[in-house]
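Below you'll find a set of structures to go through.
Note that chain A is present in both complexes that follow, paired respectively with chain B and with chain C.
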Partner chain A sequence: MTEVSLRQLTKQFGSFRAVDGISLEIGHGAFVSLLGPSGCGKTTTLKLIAGFEAVDGGAILFDGADVARLPAERRDIGMVFQNYALFPHLTVGGNLAFGLEMRKRPREEIARRTAEVLEMVQLQGLAGRYPRELSGGQQQRVALARALVIEPRILLLDEPLANLDAKLRDEMRFFIRDLQKRVGITTIYVTHDQSEALTMSDQVVVMFGGRIAQIGAPEDIYDRPASRAVADFVGRVNVIDARVTAAAAGGFQVATELGAFGLAGTAQPGQTLALALRPEAIGLTAGGDATVIAAAYSGGLVDYRVRTAQGRVLDVQAFPVPRFAVGDAVRLDVAAERLWPLA
Partner chain B sequence: MKSVRAVVFNAYCWVVYGFLLAPIAVVVLASFNSGAFLTFPPQGLSLRWYYVFFDNEVFWRAIRTSLWVAAVATVISGAVGTAAAIFQVRYAGRGKEAVRMAMLAPLLLPEVLTAIALLFFVYGLGIGTKGMVGLLAGHLLVTLPFVFMNVAASLESFEPDWDLAARSLGAGRWARFRRVMLPMIKPGVIGGCLFAFIISFDTFTMSFLLKSVGTATLPIQLYDYLRTNFTPEAAAVSSFSVILTLVVVVVSEKLLGLKIRRF
Partner chain C sequence: MTRRAAPLLLILPAALVLTVFLLIPYFNIVLMSVRMPGNGVPYAPGWTLGNFAKFFADPFYLEQLGNTLWIGAVTTLACLVIGYPVALQLARGSGALRGLRYGIVLTPLLVGIVIRSYGWTILLGNNGVINRSLVGWGLIEAPLPLMYNGLGIIIALTHVLLPFMILPIMGAIQGIDPALELAARSLGAGRNTAFRRVVVPLSLPGIQAGCILVFVLAISAYVTPALIGGLRVKTAAVSVVDALIDSFQWPFGSAMALILAVIGGGVVLGFARATRMAWVRRR
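Up next is the complex of A and B:
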């Protein structure tokens, strides 16, 4: 297990600063996701850690030793690529043996390790197949096995589920997370999919424009976003204007168009705030002064769009029972503890 | 039922193939002539002129020279052309198009001009045409573009991520080339080398201007011979050279396998 720390990491492509002073501490065996829209620098950060791109500034420490000047082939990393990058001219066994052969391991050890890892990814008996003879999910697991068989110091994954269909993607989330826990390897996972990041990670790092917007546990990122941009990117959010009416030790009162609420924290009376409110934190009951203007049924949940008496449009997510139709009058019940002031 | 279009297309294909192959067939048939002159159709069938050819040390020396030059030219253009193609596709960046044009330039210029320029060049350097250096340089110039083109084409389907994956697995530069890139561009390398061999074996102009006095490649010897003689021996030599080339192509295809991507 390896501790990774990034110190003021920068990378410039021409006049474009892809990575702009990133600092990050990743503990032994942690699973950390880099989450952000395309072009936010998450993949570049991963390539810097892997050694595929040269750093322009800053340090990359593995257990305290700077590896930023080390070529990729000597960093001892396992990498899983978005398109898997399996060697098409080698069998599954040949792909797995490749890294061990580069390390000049004896033949018996290579055979034993390869068999062990194949079993770990539940692909026993497929050692003789070529990558093109495997399904997408199987190729994905071979790619994971190839990265892990060399017992690397850290595991890097670059959007590994992007090419899989939805059902398989959900299975693979659990598979990868479970495997990572069993192996106990420090893992950095790049994705633009917020639900992947939230379900799999110990820590999520949200990135915008080459900088870190927020670092935190999935619950922090989702329920206590640091900014409106983070709140928007990680799931849907309603933003409500509020005015502080009274403040006391440990809490304050706000007035909003949805009513008055008591919140924890500190604020000055008279101050105006923007409050984040997730769609599922609003309950609907029949009869009220708000109107349903759109409803989309998606199986387990229904996504509503509701217009308040003041004309504000809110997203609401609720269970299908009771069910409301477009035009129905509804009352909004806000879970006060889910209101979160945005900076 | 076949449509008229398909029948016409089929006939067209046969005509094209006939046009391409008929001269070769004529030469081969003429080589079995029993008469004293190179004529077609042959006057009687015999292996007479093959016996004459097999006893003619002059032609054998020319064949050995041609094989030797073609082999050396193939090995060198195989290595240099492959390296150049890798550089062009993977590392040339903005200069990509310029490198490609430079590599293909020998194909675009008339071979006579290139040969004359090279002749001035080797004399300017003081090497002259005494040894094989000038001749080999000429042959390299005309064979290199074929290796380059073939390898560059096969490199287009090489995914950069394969190289990165190999790096992450601890493979250094040489191991990545030998174990990952080479197996995948193998069809291009072998195809290019076959072209190089055949082109070198067949080329006339370069050899004519750059050979040293007293040595001759097979095409030169044949040309020399035909200037003063007009016997079916020339056809026998030509047929033999056709068969030799075919053997080289078929054997290397069987041995090295153009289709299978495994070393």
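Up next is the complex of A and C:
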């Protein structure tokens, strides 16, 4: 297991700062996701850690030793690529043996380790196949096995599920997370998919424009976003204007167009705030002064769009029972504890 | 017209052209190769296998065939050695001059074959630019034999056929996902090892295609060997034309042409077999 720390990491492409002073501490055996829209610098950060791009400034420490000047082949990392990057001219066994051959391991050890990882990813008996003869999910697991067979210090995954269909993607999430826990390897996972980041990670690092917008546990990121941009990127959010009416030790009162609420924290009376409210934190009951203007049924849940008496449009997510139709009058019940003031 | 007949109708023009201008002449060559040789006329009545026997009984023709295959093999190897780095550079390089470099690679194909071969005689001759310069600088006493021998033919053919090696290899390298090299690096391979273990094997289909193209074109080349080799070194293709045009021996010339085609085809088939890649998708 390895501890990774990034210190003021920067990478410049021409006049574009792809990575702009990233600092991050990743503990032994942690699973950390870099989450952000395309172009936010998450993949570049991963390439810097892997050694595929040269660092322009800052340090990359593995257990305290700076590896930023080491070539990729000497960093001892396992990497899974978005398109798997399996060697098409080698069989599954050849792909798995490649890293061990580079390390000049004896033939018996290569055979033993290859068989072990094949079993670990549940692909026993496929060692003789070529990658093109495998399904997408199988290729994915071979890529994982190839990265892990060398027993690397850290595991890097670059959007590994992006090319799989939805059902397989859900399966692979659990599979990867389970495997990572069993192996106990420090893992950095790059994705633009917030639900992947939230379901798999110990820590989520949200990135925008080459900088870190927030670091936190999935619950922190989702329920206590640091900014409106983070709240927006990680799931849908309603932003509600509020005015502080009274403050006391450990809490304060706000007035909003959805009613008055008590919140924890400190604020000055008279101050105005923006509050984040997730769609599922609003309940609907029949009869009220709000109107359903759109409803989309998606199986387990229904996504509503509701207009308040004041004319504000809110996103609401609720269970299908009771069900409301477009035009129905509804009352909004806000779960006050889910209101979160945005900085 | 039924739906199924339409595709057949579409290939009809191509099939017609091939039949009239390829299959029928080929059939005629086969027929001619077993006719009796004539005296003062192209051929005499009657049938014989003597034309083939004559070829295989004469060490002169066998040696010439061997020389032709040798020249083809060396030309192929020279094109591969010179062409691979160029193909790699073209496939992986970037920048504003890429189009220009691509154009330069194609230049041998843009000049007429006679003019190009004649150009080489100016360079390679005893009184040619190369020898005059070397003698002038005092580097050699007497001119090097660069023309009227196999070396001259190989030099000129390599120049002409280089694009046929470069283009398929370039295509193959362009088709290699750059992530594969990164994957190899992450697994502990240095730059050179990654190139040797990943890029070279994955460019083999291009190498195979390029080698076959260059070899076939080299052993069947006529103008360049005729001009550079002159009367002293003759390749099989030159001898075929001699027999057909100069000495008017149509049956023997046809037999020689067939032998050259069959043996050349055999070499290509053997090469393709030997370099067969299990991982290449076949349908």
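Keep this in mind: the second predicted complex is superposed on the first by the 343 of 343 C-alpha atoms of A that agree within 3 Å, B and C clash if a C-alpha of one lies under 4 Å from a C-alpha of the other, contacts with A are read in each partner's own complex, and residues count from 1 in each chain.
What we mean here is this: a contact is a pair of C-beta atoms (placed from the backbone, for glycine too) under 8 Å apart; a residue touches a chain by one contact, two chains touch by 3 or more.
Just so we're clear, the structure is a prediction, and the values are computed from it rather than from any experiment.
Chemist: With everything superposed onto chain A, say whether chain B and chain C fit together or clash.
Modeler: When both complexes are placed onto chain A, chain B and chain C end up clashing with one another.
Chemist: Pick one for A:P279: touches chain B only (first), chain C only (second), both, or neither.
Modeler: neither
Chemist: One more residue to check, A:R132. First (chain B), second (chain C), both or neither?
Modeler: second
Chemist: Per the contact definition in the header, classify A:G51: touching chain B only (first), chain C only (second), both, or neither.
Modeler: both
Chemist: Figure out whether A:E73 sits in contact with chain B (first) or chain C (second), or with both, or with neither.
Modeler: So A:E73 meets both chain B and chain C here.
Chemist: With the two structures laid over each other on chain A, which partner does A:G41 touch: chain B (first), chain C (second), both, or neither?
Modeler: After superposing on A, A:G41 lies clear of both chain B and chain C.
Chemist: Of the partners chain B and chain C, which touch A:R103 in the superposed model: first, second, both, neither?
Modeler: both
Chemist: In the superposed arrangement, what residues of chain A touch both chain B and chain C?
Modeler: Common to the two interfaces on chain A: residues 50-52, 71-74, 76-79, 81, 83, 85-89, 98-99, 102-103, 146-147, 150, 156.
Chemist: In the complex of these two chains, what residues of chain C are touching chain A?
Modeler: So the residues of chain C in touch with chain A come to 177, 179-180, 182-191, 193-194, 197-198, 201-202, 204, 277-279, 281.
Chemist: Of all residues in chain A, which touch chain C in the complex?
Modeler: Contact set of chain A toward chain C: 50-52, 71-79, 81-83, 85-90, 98-99, 102-103, 130, 132, 146-147, 150, 156.
Chemist: Would you pull the chain B residues touching chain A in the complex into a rising list?
Modeler: Listed in rising order, the residues are 159, 161-162, 164-172, 175, 179-180, 183-184, 261-262.
Chemist: Note which residues of chain A are touching chain B in the complex, please.
Modeler: 50-52, 71-74, 76-79, 81, 83, 85-89, 98-99, 102-103, 146-147, 150, 156
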